[in-house]
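Shared between the two complexes below is subunit A, which has subunit B as its partner in the first and subunit C in the second.
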Partner chain A sequence: MLDWAFVSRYAPFFVTGAEMTLFISVFGIALAILTGLVCAAIETARIPVLRQIVRVYIEVSRNTPLLVQLYFLYFGLPKLGFVWSAEMCAIIGLGFLGGSYMSEAMRAGLEAVPQIQRENAYMLGLSSRQTMLHVVIPQAISTSIPGVVANVIFLIKESSVVSAIALADVMYMAKDLIGMYYTTYEALFLLIVTYLIILLPISIIGTWLERRFDYAKR
Partner chain B sequence: MSEPMLTVDNLLKHYAGAERNVFDGISFDVPKGKVLVIIGPSGSGKSTLLRCVAGLEPIQGGTIALNGQVIDRGEPGNEKSGRAKRSSQLRTKIGMVFQSYDLFPNRTVLGNITMAPVMVQKRPKPDVEREAMELLKRVGLADRAQAKPHELSGGQRQRVAICRALIEHPELMLMDEVTAALDPEMVHEVLDVVLELADAGQTMLIVTHEMQFARAIADKIIMIDSGGIVETSDDPEAFFAHPTTQRAQEFLRTFEFSRHRRTEKDGAGAQTA
Partner chain C sequence: MQSANILLQPGVMPRLLQGLWVTIWLAAVSVALSVPVGLVTGWLMTLRNPVIRVIMRIYLDFIRIMPQLALLFIAFYGLARAWDWNLDATGACVFVFVLWGGAELGDLVRGALESIPAIQYESSYMLGLSNWQTFTHVILPQAVRRLLPASVNLATRIVKTTSLATLLGVVEVIKVGQQIIDAHRFDYPAGTLWVYGVIFAMYFVVCWPLSMAARYLEKRWANE
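What follows is the complex of A and B.
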């Protein structure tokens, strides 16, 4: 059985940890979405040179573990003279990893808009800017939302890695409690519950968003 | 006949890497207020011809003129250059309705129709909305103005697409097999609208597989096949009754169904090409 007295005593630790997890995630994901938008735009517009740079970035970002990226930022960069706080490294790390995933989800959305929609806009006389803004992007958003929501949830879960660079997120709290008191079950129970409390609402909002914007698929 | 609205002169169309030209110098014109129907077997390039006139396909030779003004001049080797660089204003003068009913899914029926006149022609929104409602009434869809495209049937969507093109008052309307993707019972409701347009004096260039409809609406007919015009006629009745060329005779025969033919040919070739 779980030691409920222990659980209630240390639950506040997880609230503090959740604050750190959310802080890192919100800024990291915002950075990821921004990076994704820029990369998807460059790829869709087929801008030479920049496009090749984006491809290299996406391959490096997707094919290296977040832990390794964080070690590089936190332990590697100071050797080159860049010293960043652990929070900064965590946010940039999440943004760097998430940017490629977001970019691919958004690019898929843009490419899924049927050619005939652009042709209709052309025949009606819309400028390329109007076509992008009023025809292509609204439909691309509709198609991208499931992917983007999945990435948001993935990145929040992935943020558990930041405990490795001594950031006191929920994962760090759990490891700390296990290390100090050997209360493995209680600590893991609190950890799972905290993640569920953070992620379930996001998942529900995501499903609602998908339904709200699913016009492109009908 | 009156002066030509559209003049296609010696049009040459070639796809990159293809051995043969799609068109080897096609010439025809559409007089103002008249309806030209293009017929021909599948793969003869009817739709491509329409898309060239629309500016959706680059042409490699010849000219396309609207009201005597050249709007597109062929350039050899521009196969991959994409859509023609036409001004927004010029593009509003040519309306097009496509085969697949593809309204903008994120907008209501009314939103689909009012978008371009407000954004491109900068007309006041209340006026545009009033006209849009009139058009919707004309095609029997006034009560669906606030519906989203996915709530409509194919025939209804196609009628909305016609309104969307019409509201810009295009000088020329292009119709690319507008009923080909529809269930048979919806074909009539759409073609009736097109027939009404013709009566109202709208200049149109129509590609269709519906021979009865072609016969009913055409002022002028051309049949194309293997890169060129097989037969032109200013008298559709005569054309359908007694086509002059053997190729046209053969083609029109593919639309006939008879028990005699079935036993003779064992059913083969009874489809509409």
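What follows is the complex of A and C.
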């Protein structure tokens, strides 16, 4: 059914596409984690003004689609003088979208640490910095890791949208092959396989981490 | 700021609103069809039959791991060739959103059903309620409270995902925006900023109340 000669001839296309997908995802996710950390810290520390700004950012980022965010960054903002390359837009877009999701996952982890842990730490004479560093954060990390990994998978999937601003990722390659040679089955087969190769290992690691940390809590 | 006048040109805002209506309609149909699919899927997931279990597992995992855009491509380009099923772009979108929404909702239904302790069933039977009465009067009211907040969130996600329909050529709000931008390419070259800005705001205005409603329901029913 599949033309295997065609599949093997064009498989390298999808390797190139996967490199672009991973390039955008890795930097986008790094930016998202950074943004998430800052936002979660601001919300936990209850810094006035900044906290309201973070709230607005989270609501805006969670309630708009990535495609519209990308179009705004890539086509809209240059009119104000901010001209970025497509790669830059994709990374910023992914970071903007992911930042709110990461922040929520991390904040949930921080809030899940019972108050009594802090009280006990103070009682034992730890400073608030020591309490945070040695008592609260280690526990918060183990609670928030499953959420963070789920967000990582979500963001890699979302990165498929960057083909819309002419970045040659996996999606783009599939569309290209269908458009050029009408090799629908082969292109879709390669598309599915490439995404499975990228996402399955992360998904399995995610499930494993979840189980591991679930065990640690019991 | 002169370029903001593009929004005041005759027909621009009405057309954008029409586009938004297409987006909402697409999302509403997808959500409405996802509900029965999700209920059946969720019920199938709670069955002990190993064959059904494996099939449901693969269905859910495949839908979850593939990007929605990839699913749209598979439906739009693949199905037409495989079964001569000539879905138009809108049809392919609804098809994929229902498959996806149904799988996600099914998992929520499964979670809600399984979270009800066995003692609830046992007590109802002991009180003489039939299977059906137990389900409609005891299990369902409790399951819905666990289900509804997450389902409203899922609806928000479906609204956001409908934006991908534009990449298959459905004329919804983003496509209308692009048409307006192209039509005013020469008199308002900087109109892009404003048109995409308005579309950005439109999505927010639709999705934000849904998110708030989900949060409200979650809080309200959390302590009961």
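Everything that follows uses one rule, which is that the second predicted complex is superposed on the first by the 208 of 218 C-alpha atoms of A that agree within 3 Å, B and C clash if a C-alpha of one lies under 4 Å from a C-alpha of the other, contacts with A are read in each partner's own complex, and residues count from 1 in each chain.
The rule we apply is simple: a residue touches a chain if its C-beta (ideal position, glycine included) is under 8 Å from a C-beta of that chain, and two chains touch if they have at least 3 such contacts.
This is a predicted model, so every value here is computed, not measured.
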Return first, second, both or neither, reflecting whether A:V161 touches subunit B, subunit C, both chains, or no partner chain.
second
May I ask you to decide whether A:F72 touches subunit B, subunit C, both, or neither, giving the answer as first, second, both or neither?
second
Contact-wise, after the overlay, does A:L94 reach subunit B, subunit C, both or neither (first, second, both, neither)?
neither
Pick one for A:P114: touches subunit B only (first), subunit C only (second), both, or neither.
first
Subunit A: partner with more touched residues, subunit B or subunit C
C
Once the shared chain is lined up, is A:S203 touching subunit B (first), subunit C (second), both, or neither of them?
second
First (subunit B), second (subunit C), both or neither: which does A:V60 touch?
second
Partner subunit A, residues of subunit C touching it in the complex
3, 65-70, 73-74, 77-78, 81-82, 156, 160-161, 163-164, 166-167, 174, 181, 189-190, 192-197, 199-200, 203-204, 207-208, 211
What does subunit A use to touch subunit B in their complex?
114, 116-117, 119-120, 122-127, 130, 134-135, 138-139, 142, 215-216, 218
Considering the complex alone, what residue numbers of subunit B touch subunit A?
54-56, 83, 88-89, 91-92, 94-96, 98, 100, 102, 104-106, 115-116, 119-121, 148-150, 164-165, 168
Within the complex, which stretch of subunit A touches subunit C?
59-60, 62-65, 67-69, 71-72, 75-80, 153, 157-161, 163-164, 171, 174-175, 178, 184-185, 187-188, 191-192, 195-196, 199-200, 203
